[in-house]
Amino acid sequence: MASHTTDLEAGQEHAHPPGLAHQFEDLDQQLDATSFGMWLFLVNEIMFFGGLFAGYALYRSQMPAGFEAASNHLDIFLGGFNTVVLIGSSLTMALGVRSAQLGRNIWVRNWLIATLFLGLVFLGVKVIEYSAKYRDHLIPGANFQWPDPALAQGAQMFYVFYFAMTGMHALHMVVGAGLLLYFIRQAQQGRYHAHYFGPIENMGLYWHFVDIVWIFLFPLLYLLGLAFHGGGGH
Amino acid sequence: MARQSHAPAHPVTPVGMYIGVFLTLMVLTLVTVVAAKFDLGALNTPIALGIAGTKATVVVLFFMELRHARLLTKLAAVVGIAWLAILLIFLFSDYGSRSWIPTSPTWVSPLFK
Amino acid sequence: MSATLTSPPMAPQPPVEERKHYLNATHGLASWLLTLDHKRIGMLYLIGITIAFILGGFAASMVRMELMTPQGDLMSAENYNKAFTTHGVLMVFFVLIPAIPATLGNFLIPIMCGAKDVAFPRLNLMSWYLFVIGGLMTLTAVVVRGVDTGWTFYTPYSSTYSNGAVMTAALGIFINGFSSILTGVNFIVTIHKMRAPGLTWFKLPLFLWALYATSVIQVLGTPVVAITIVLIGLERTLQFGFFDPKLGGDPVLMQHMFWFYSHPAVYIMILPPLGVISELVAAFCRKRVFGYHFVAMSSVSIAIISFVVWGHHMFTSGQSVYAGLVFSVITFFVAVPSAIKVFNWMATMYKASISLETPMLYCFGFIGLFTIGGLTGLYLSSIGVDIHLHDTYFVVAHFHYIMVGGAIMGLMGGLHYWWPKMTGRLYNEFWSKISAGLIFAGFNFTFFPQFILGWVGMPRRYHAYPEELQVLNVFSTAGASILAIGYAMPIIYFIYSLGKGAPSPPNPWGAKGLEWDIPSPPPVENFDEPPVITEPYDYNPKAVGGH
Amino acid sequence: MNKNLPLVPEQASSIAPGVDALFYFITIVTVVMTAAIFLGCLILAIKYHRKREDEVPEPPKENLLVEVAWSIVPFFVVMIIFGWGAYVFFVSYNPPPHAMEMYVVGKQWMWKLQHPEGHREINELHVPIGRPVKLLMTTEDVLHSFFIPDFRVKKDVVPGMYTSVWFTPTKTGKFHLYCAEYCGNQHSGMIGWVHVMEPADYEAWLAGVNRGETMAQAGERLFSRYGCASCHKEDNSGRCPTLKDIIGTQVQLANGGRALVDEAYLRESILKPNAKIVAGYTTTEMPTFQGQLNEDQVLQLIAFIKAQTKQQTSTAAPTKGGKK
């Protein structure tokens, strides 16, 4: 209580440590609040992707054969490669946050650049995959083609979700890449220190969340029909 | 005190642990691909989701440092998953029971004659 | 602290013209449009919401005028459909949902927490801009080309068949949704992390409990409708068949996803006014709310239950029989926390010192209309009766009793209560009482006949209707004109009070709460001196030992 | 009832009195509670009106017993309403056996109705008094909702799906038929009349209008036009399962599950042949008819298949009765 009073009396003239916003009493409270806010935002994101997962689960339960057949047309190597890339980027991101906690701005910058690079590799692979789908007439809609008419509807629905889910995921990656650019610049300017690293930590939370979404997308989209690969259907 | 000031001032995680986490995730990725190649019938999807859930938990606990977070933050994470479960459970409670045709009650009120 | 208690509450206080407060600290349009002060942002929201309310009200009056005659003669069916869609979209997404949280909530949460501002002031301003951008997009859509889907955007009509500007309107609602989500995040963090030392959870005003519960719904529910809007957009633009059976989808899934948000959204609208009413009851009874803990917990339990009742909007949709039963029974559970609130308010009035100033009139109006709205909900949650009443005017009447009779009455009550605090000016007591009476009478006149219309079977969203239903419709339209006058009056006397109103003392009502301990209007960072934390609604400080 | 100011809907079907009984019960609860709260507020506001400006009442003491009481009492009241509502719903859910089957296709903005004998109507439905009528409904475009207020029946009509309502008219006369789910521009024009007639009048009406071919005959024509019979042979010797005597039976599926053969199953099997495959058969043999048949035609095929079951069994085909 006493320290609180002192802070208020000091008011605007209180010597603010660098990075402290006026509405907070101290950096600890700020870190605590921003981190909790980020987690709440991620809870919102869970529900955002959750709507897609619910739709996917429903249609897959109704058209399992079409989903499996369509899934087998995805390139597991590229999907797996991207999984490794993205988890790798989570590692570099975590190391970046660690550097921020230690106040090593140069290393923050370096790790974030590595993260950005891996993120761009991921998006590049996505472009390759999307263009292959376009070439193979697997974009849902009027031009969608599937050899087996009996499975065409399920296969088309699979690709509807493939594009919606990976597209929404890729959009989050693009936003994340933009944020990374900003934070790379901030780190370059030496903004962070051992008591002020909240923004980098929150960037990390966002990036890891996007990684987690992919961790679920990979088996749900790429692996689901693998066991029946080449088995001639059923 | 409402404002228990000090934020989770957890120790900085050693690099080795992060690398260990990364390797664990790589192994789990490999396991999930291999497991998917075997036709285990109805078990394929639960196994795939179980491994994905494990990976996600590892990421949340270690990369996102939830293990050092406040109880409140942990609660927020759990609530997020619980609400997704509500959506799924109630959604499937409809589709799963569509084919259940109710029996008529044995006693019919004279009002319905 | 004790000074305000011993001095007569209405005693005029010499205005100190020179005092710096949040309104005169800086000047110019830019100082408002770039402000990070939660109080100014609250006022900005108030302006935006009032404009949306006037436009939505105008659309409603078009609808009511068309329905004066059975034939669709005033306007074409197409324009009628656009009018009721405009009314629904503006009122639901741009008035009711942000109405209390974004205005009164923004203004009061930090003050009631004893904080200088919300946790994330920049995010707060961004939320307002998202609200404005979303609002302008939606407004453009409904004005320029029109949208004729109804506010529910049911597929496949919205995704495949409608010729209206569905995409623009939906994108506007999507953007506004993020305003709502970010506001929710901001408020939750503020209430958790920004409370002054000593201000524990059970010392919080009940208004904060209600807003906390509301914010939780905003964060957990809104993203689902956001993704639903994205999917409708993909279906409409790229023929991605999520919901249209012609493209392989399932329209009932869309209804599930829509109502997963939109039913809890009803509680986003009604929980904050329930909180306001708790404040009003305490202030005008000069008494701590009876059963404080139960009222607080009822807000939280309503928020949780609200997520598992959405299927009661789908009893006739082809949903499974047993799912319908489950949704029906859980819906009835909501009656319990709602009843707890009403009974506790009335118990508070027992042996109280009730002063019938304008906010208290709204408070009584709210209790009455909320009671009717809540009890008519029993018909609609009962699966056997709802089959007949679903999608009729009975439903329209029911939700207007909750949304207008509840949410807007609560907003009006709150505005009349906190207006002197927000602006530092007193409004005209006489006209405000007249207008409160007109709103109450006009409201019942408008919407009570609609219960009967629905019971005899008039479906909603009808441009023309059978002739025998005309008398009741004329009643309803006549009532709407009284309602319109009732709503026009506060806009006039509030604006008048800004210039000509008498300066308000810090505590014109003799109420208790942190906001009444500081000057009116509040200083920029709310508290010139550290706030003194007491028990909530501490009208008898000696009884708890004082300070 | 006053023709210009109707305050209650007519009770023109067998379930209407039962639904109304619950409606009036809830109305009593509502009126009693509303009156109590209004009066209570009024009395409190007068009795405890502030007498002196400095009056400060005693703070309330929380009372757990009171709180529990006014939580539990409303809870029991609403549970009675729930139970009663569920009862009303269950009693009125299953159509009686031997209900006349009619077919409804919604379309922007009209109701197309067809009698099994082949009579087609638009926005009009003629039915005899006292006989249960079951409607099998779908739509060609958007959602609609089939609503006859005086019968207390309503059901959404959903594209890609069959829904049904049934009613037994108990009064002769003209009754409103509405579309209750918003369906676009002329939503309020998607209305019509249900004419309930004395049985003799109904027979006369049937005889007086051109009936055309029956639903089943039309279905049979489609059946041969699309060559269905070359695989679906009556004696089950074809490459596909026989369609004789299958309505109401449970079939073993290739994926191990079981399915009840009803209208929805037949529709799915015509439009999405591989969705549920009968054990012992393979998937791709049958082409999909999605996009080739309109909803009317699918209904005609189903009527034909249903007729093949009825021929064989002298007792009427089991409708959706009894939970299996």
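By written order: A, B, C and D. Residues from 1 in each chain.
Note that in this section contacts are C-beta pairs under 8 Å (C-beta built on N, C-alpha and C of every residue); 3 or more make two chains touch, one makes a residue touch a chain.
These figures come from a predicted structure and were not determined experimentally.
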{"item": "Central chain (distance from its CA mean to the mean of all protein CA atoms)", "value": "C"}
{"item": "Between chain B and chain D, centroid-to-centroid distance (C-alpha), Å", "value": "38"}
{"item": "Between chain A and chain B, centroid-to-centroid distance (C-alpha), Å", "value": "17"}
{"item": "Contacts with 2+ other chains: residues of chain B", "value": "3, 72, 79-80, 83, 87, 91, 95, 100-102"}
{"item": "Contacts with two or more other chains, residues of chain C listed in rising order", "value": "192-194, 196-198, 220, 224, 250, 252-253, 321"}
{"item": "Contacts with 2+ other chains: residues of chain D", "value": "87, 92-93"}
{"item": "Arrangement of touching chains [line / ring / star / complete / other]", "value": "complete"}
{"item": "Complex contact set, residues of chain D against chain C", "value": "3-9, 19, 22-23, 26, 29-30, 33-34, 37-38, 40-41, 44-45, 48-51, 53-60, 62-63, 66-67, 70-71, 74-75, 78-79, 81-82, 84-89, 92-93, 108, 141-143, 145, 147, 149-150, 152-156, 158-161, 163, 176, 178-189"}
{"item": "Residue ranges of chain B in contact with chain A within the complex", "value": "3, 5-9, 12-13, 15, 18-19, 21-22, 25-26, 29, 32-33, 36-40, 44-45, 48-49, 51-52, 55-56, 59-60, 62-64, 69-70, 72-73, 76-77, 79-81, 83-84, 87-88, 91-92, 95"}
{"item": "Footprint of chain D on chain A - complex, ascending", "value": "62-63, 65-66, 148-153, 233-234"}
{"item": "Chain D residues within the chain B interface of the complex", "value": "14-15, 17-18, 21, 87, 90-94, 259-260, 320-324"}
{"item": "List of chain C residues in touch with chain A within their complex", "value": "110, 115-121, 123, 181-182, 184-186, 188-189, 192-194, 196-198, 219-224, 226-228, 230-231, 234, 238-242, 247-250, 253, 257, 525, 527, 529-530"}
